[in-house]
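Contents: one structure, followed by commentary.
By letter and in written order, the chains are A, B, C and D; residue numbering begins at 1 in each of them.
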Amino acid sequence: MDRIRLGMVGGGTDAFIGAVHRIASRIDDRFELVAGALSSTPEKARTSGAALGLAEDRSYGTFEEMAEREAGRDDGIEAVSIVTPNHVHAAAARAFLERGIHVICDKPLTATQEDAEALRHAVADSKAVFVLTHNYTGYPLVRQAREMVAQGDLGEIRVVQAEYPQDWMTDAVEAAGVKQAEWRTDPARSGAGGSIGDIGTHAYNLACFVTGLKGAELAADLHSFGTGRKLDDNAHVMLRFDGGARGMLWCSQVAPGCENALRLRVFGTKGGLEWAQENPNELWFTPHGEATRRITRMGAGASDAANAVSRVPPGHPEGYLEGFANIYGGAADAIRAVQSGADRDAALGLLPGIGAGLDGMAFIGACVRSSQDNTAWVTL
Amino acid sequence: MDRIRLGMVGGGTDAFIGAVHRIASRIDDRFELVAGALSSTPEKARTSGAALGLAEDRSYGTFEEMAEREAGRDDGIEAVSIVTPNHVHAAAARAFLERGIHVICDKPLTATQEDAEALRHAVADSKAVFVLTHNYTGYPLVRQAREMVAQGDLGEIRVVQAEYPQDWMTDAVEAAGVKQAEWRTDPARSGAGGSIGDIGTHAYNLACFVTGLKGAELAADLHSFGTGRKLDDNAHVMLRFDGGARGMLWCSQVAPGCENALRLRVFGTKGGLEWAQENPNELWFTPHGEATRRITRMGAGASDAANAVSRVPPGHPEGYLEGFANIYGGAADAIRAVQSGADRDAALGLLPGIGAGLDGMAFIGACVRSSQDNTAWVTL
Amino acid sequence: MDRIRLGMVGGGTDAFIGAVHRIASRIDDRFELVAGALSSTPEKARTSGAALGLAEDRSYGTFEEMAEREAGRDDGIEAVSIVTPNHVHAAAARAFLERGIHVICDKPLTATQEDAEALRHAVADSKAVFVLTHNYTGYPLVRQAREMVAQGDLGEIRVVQAEYPQDWMTDAVEAAGVKQAEWRTDPARSGAGGSIGDIGTHAYNLACFVTGLKGAELAADLHSFGTGRKLDDNAHVMLRFDGGARGMLWCSQVAPGCENALRLRVFGTKGGLEWAQENPNELWFTPHGEATRRITRMGAGASDAANAVSRVPPGHPEGYLEGFANIYGGAADAIRAVQSGADRDAALGLLPGIGAGLDGMAFIGACVRSSQDNTAWVTL
Amino acid sequence: MDRIRLGMVGGGTDAFIGAVHRIASRIDDRFELVAGALSSTPEKARTSGAALGLAEDRSYGTFEEMAEREAGRDDGIEAVSIVTPNHVHAAAARAFLERGIHVICDKPLTATQEDAEALRHAVADSKAVFVLTHNYTGYPLVRQAREMVAQGDLGEIRVVQAEYPQDWMTDAVEAAGVKQAEWRTDPARSGAGGSIGDIGTHAYNLACFVTGLKGAELAADLHSFGTGRKLDDNAHVMLRFDGGARGMLWCSQVAPGCENALRLRVFGTKGGLEWAQENPNELWFTPHGEATRRITRMGAGASDAANAVSRVPPGHPEGYLEGFANIYGGAADAIRAVQSGADRDAALGLLPGIGAGLDGMAFIGACVRSSQDNTAWVTL
């Protein structure tokens, strides 16, 4: 097995998403974690590294040190996962891209538009792959939904309804020691978007990924229900897409009963479809004028696009980690292809990259501006 | 059995909603249909009357004639159901209200704001009951949802998500001889709202009924996807309620796979709930921080408000017609109470009346104005 | 309107099923209740009659009196609904059949095999229609399921899984004054079957109705979990059908969380289907090797057999009462046809009659004998 | 990271379950696959080994060779996964157990009762851990269900309904080159049970695991619908448990529309619960007399037993592979504990071991005997 040597920035012991990235990287056995700068607190970085079995000399105190030292090793990391709060993404990604180390970065792209621009340049100047973990695009039936729209099964798209409600910030958890909530409610670390940046971007990315449409303009109403919360914890957005489709996007962190209820519905002249993240192994498709179909992952109605990223038979559910692993699997393919001389952008295939990241930043920025301008339509 | 003598305006043979009103009026055996002006085409009025078993001399060619003649009979109708296209509601209702005949009228209230105002005066000047069939408020678990919000089970309401998508106008059915579609796409008969008037008002009414909130302002994006269609067949609306809650409303007639997918979700500081018309015998309630409950009609978690309008045990589904019958049952109670000298407004209880009708007209009007003004916020 | 004049035996104020029959008889306006012997307690019979608006002289103290007196009137009842506990069915039905009055009788047919035989003869000797309210066969999508099997959509049937669990007798409700439970746990009034007679017969009838198969033999394990309960409150049954299909049937009254969870699944060489009473407006069909279809009542995949007994558009749920009303509607058609000289048996069409009743009695009897004989296979 | 060195017997390229074991072993990073005898065809064993990155000298032609050679290495495997057809389990497991190498073995235990006995002795004589992958017991909410029953949330258990239908053998796939079907329909490789051995044992194991009950006797009707099929492809079983609970078990491989529809329902005097493998992140619990709860993995109603084997937040689904990984995680804990001197049986905790395997063999044997004896009750 020729595993890709992987490093990680962020993702220390108590971070949720770092563990997710690590499992995702292991599922298909394409990566081996060999280095890390796992925390901005050096002591914690060290203990986290030890807990994960990193060699002591490859558990670094800062990403800068890791980038420099690993770039100098013959057996240095080939790729790095960046799983820090948003404000660190840009600087960390640039440090590795400059050294030709491939980057797998969490979303949203950055905390500020300036950082996003700088990162755009860094990607352009590098030969390394840059993948953004809009992980929901890795679900097999999301891939199939995209393929169905692309091949015209829904006809011309008219209406797109995307939503991503959660309930974990219904109470003031950021004041109760929940670290995940602390940085997400802090503009300095999250950027200008609260829920809209954290989960709204996922919903928007999913809508664009599946429909193949590009947002034209939007009108947004962002709001903070949590007392003293500086960033939005609920967002209502109207969308107009190039070509005339219209849509709505709702995200919330204060909706009791909603866990990670990301859901997409797309309607066209010839049919409609629906997919929900919490039960991702089924895709509902209605050819207009016929009975609705329940398409299951690897089942009779599943397509090649879905089956290519599936592991177990129909009725044996795959979940969040497997969907995430499909991003890692795609990244591994892309990295090996680029190492073998393939064209970088072609190698990315369906993977979300800098383009999806910039679209997400444009979306967040437009939502904030529209909301500040009393829900005026803002061009994307 | 002391049945209320009922007349009907509209509702001839091929009308969907007339048959619904008739069944609803029979389910609890509180009404007896004895007169009708069932069609604007006299011949059709006559044959429809015969088919329904009306005495020949009580099957009228016009509602004016029916109002005058029935008012003059000792055994004349006590109440009338008006189930015509929207533009007839006002004149017909006034003809009966003026004569002290109680009115059960289909929604939306009227086709124009002028008519709505005139009808408002007519109701004010009459002693008769006026009930508007926002029938979804008759569902037992909708009643329970309202009660739960009112008693604080959800805490302070923050977010309200209402939607009512259909798919029956995905194709140009109005050009294919579907009468239901013909008048609904004709501004002269429907008024200024298409989908927003036909089904959007139902969703808005349901949201207000359950939450007890009053809309403060809205911003709307109405659109016609059907070629040449003069009225909207899809509407996206942002809502702000008195007291600070925010919401979204989506209605559509071009969403393949959606039949009558009216759905309401309400989220507050202490909990959330969800109800969907297509499976109305269950209500989902999440007390924040606890597992979600599936409350069933007449089941262990059902409340008095729900049980009072239920007929059969839990697990034996009641449906659309029973929900509709609950409006008729309430109307029968109110009519008998008023006949016995009770205060009219108190007698109406939870029933939607002229107030709900005017709210609906204000909602339609605001949606149209906002949409024409590029989705500006408009006060309700 | 030429309504059929209807009488009722049983169904006084506190009886659940009497009210169901009355509503079902009204929904399509084919019947008018004009006489009754509504309770075995004369005083209660009288007050119930008054509450239902019966003329004083047509509210009888006994069914015998009603049969005799009504048969002698020019405007006497044309049909009677028998909604008493099981042990009264036979005598009551015979009293009316002998006088040529059509009978609509609740299930199971009788309390004893002897009574069933006697009733069989009475039906044979009469020209009147006899309908047994295996009401679940009235659901539109049950009719469609039957049609699909009959036309070969499932291929050769192999496996039939039927179940009807409830939870209302989990505790000793018969000792707590619940009248529904009192007579159902009393062999003298219910017969030899407890849950198997009350709800198991429904499941068995449904299985046979949909598949068109006839039971060949069965092996049963009946049990009473309730302390001191004389009749079974839980039954497990294995089934073998003519032609080789096999199946299982489970019914229970002690399964917490189950309300009226009647469910049927049928599997053949070419496909499978599933229907559940608690959400009766959808039918799941899987053509083997294709994605599962969700067929909805009146929706795109609904058949003529289903649409013929539907009233409102897809997405507006019909329920238990409408399904029950379809039995009444069919009975009205049959009665009018027979009155016009049609062949009685042909006129019954899909309606459950004496044959279904005898099959049910054979089923109950075989279950009891098999269970007493240590679950031996018993021929049906 | 101190990974357990793992070998694998069976699981070559085209085997479904081998890949599952490998992914499951990697998810929590507790194992490293270093050796294998991946196929009974030496050439295939070699190429499979190479594809999986095994060192050439540790890719063996037979399990005997692997056992001997690995036992002689300082860095030899500590544990082995046996993922062959059933008839190989016993001999392979014994070869490793005798050498003190821990065994993780697929189910059912063996193909014959003799083999099962031999294996029982081998386990007794060894100090090594023996784990049987009844993987469904690894699902978090299955663990919670077990805990809830154990702590009395359901009261005294009365009724247990278990089922596991599939549809993949509806057609004669064993004659069409589907290897999974070939050996499963071959008594020499599968043993006396077809569907009952392959999936019925899973359902039975799940029922016993969750309820904590021990089967007392059963009555079975096994059948082969597939032409010429020697082993059952459908089985109906009645169950009686120690203490008086009763149940039913149905498994099938010829039920179109069923993928891996393992489902368990348990009912007691105080409540009922339901869990379905295809959507394993929710558990339905009804305290008798209250509304049904939807408990979600890691959600508000999830217990410590469930959370201990969960990785990602509520609403992010975990699936089949994560449930399987929980067996591997438990095995890793047990192996390390035993290596540190802990008592072997205590170290196994909730893991299915030789006892569960013998129970499964007794279940298969009893089903076959009962079915051959015309569904007579057979003691377990």
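Convention: contacts are C-beta pairs under 8 Å (C-beta built on N, C-alpha and C of every residue); 3 or more make two chains touch, one makes a residue touch a chain.
In UniProt terms the chains read A, B, C, D = Predicted dehydrogenase.
Values in this document were obtained by computation on a predicted structure and should not be read as measured data.
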| item | value |
| --- | --- |
| Least hop count linking chain A to chain C through chains in contact | 1 |
| Rotation angle superposing chain A onto its copy chain D by C-alpha atoms, nearest 5 degrees | 180 |
| Interface sides of chain C and chain D: same vs different residues, half threshold | same |
| Where chain B and chain C are represented by their mean Cα positions, the distance between them in whole Å | 35 |
| Between chain A and chain B, centroid-to-centroid distance (C-alpha), Å | 43 |
| In chain C, residues with contacts to at least two other chains | 258, 285, 292, 296, 299 |
| Chain C residues within the chain A interface of the complex | 285, 289-296, 299-301 |
| Residue ranges of chain D touching chain A (in the complex, touch as defined) | 1-3, 16, 19-20, 22-23, 26-29, 52-53, 166, 168, 258-261, 277-281, 296, 299, 311-322 |
| Of all residues in chain C, those that touch chain D in their complex | 154, 158-159, 161, 163, 165, 167, 170-171, 219, 221, 223, 225, 234, 236, 238, 240, 246-248, 250, 252, 254-258, 265, 267-274, 284-288, 292, 374-375, 377 |
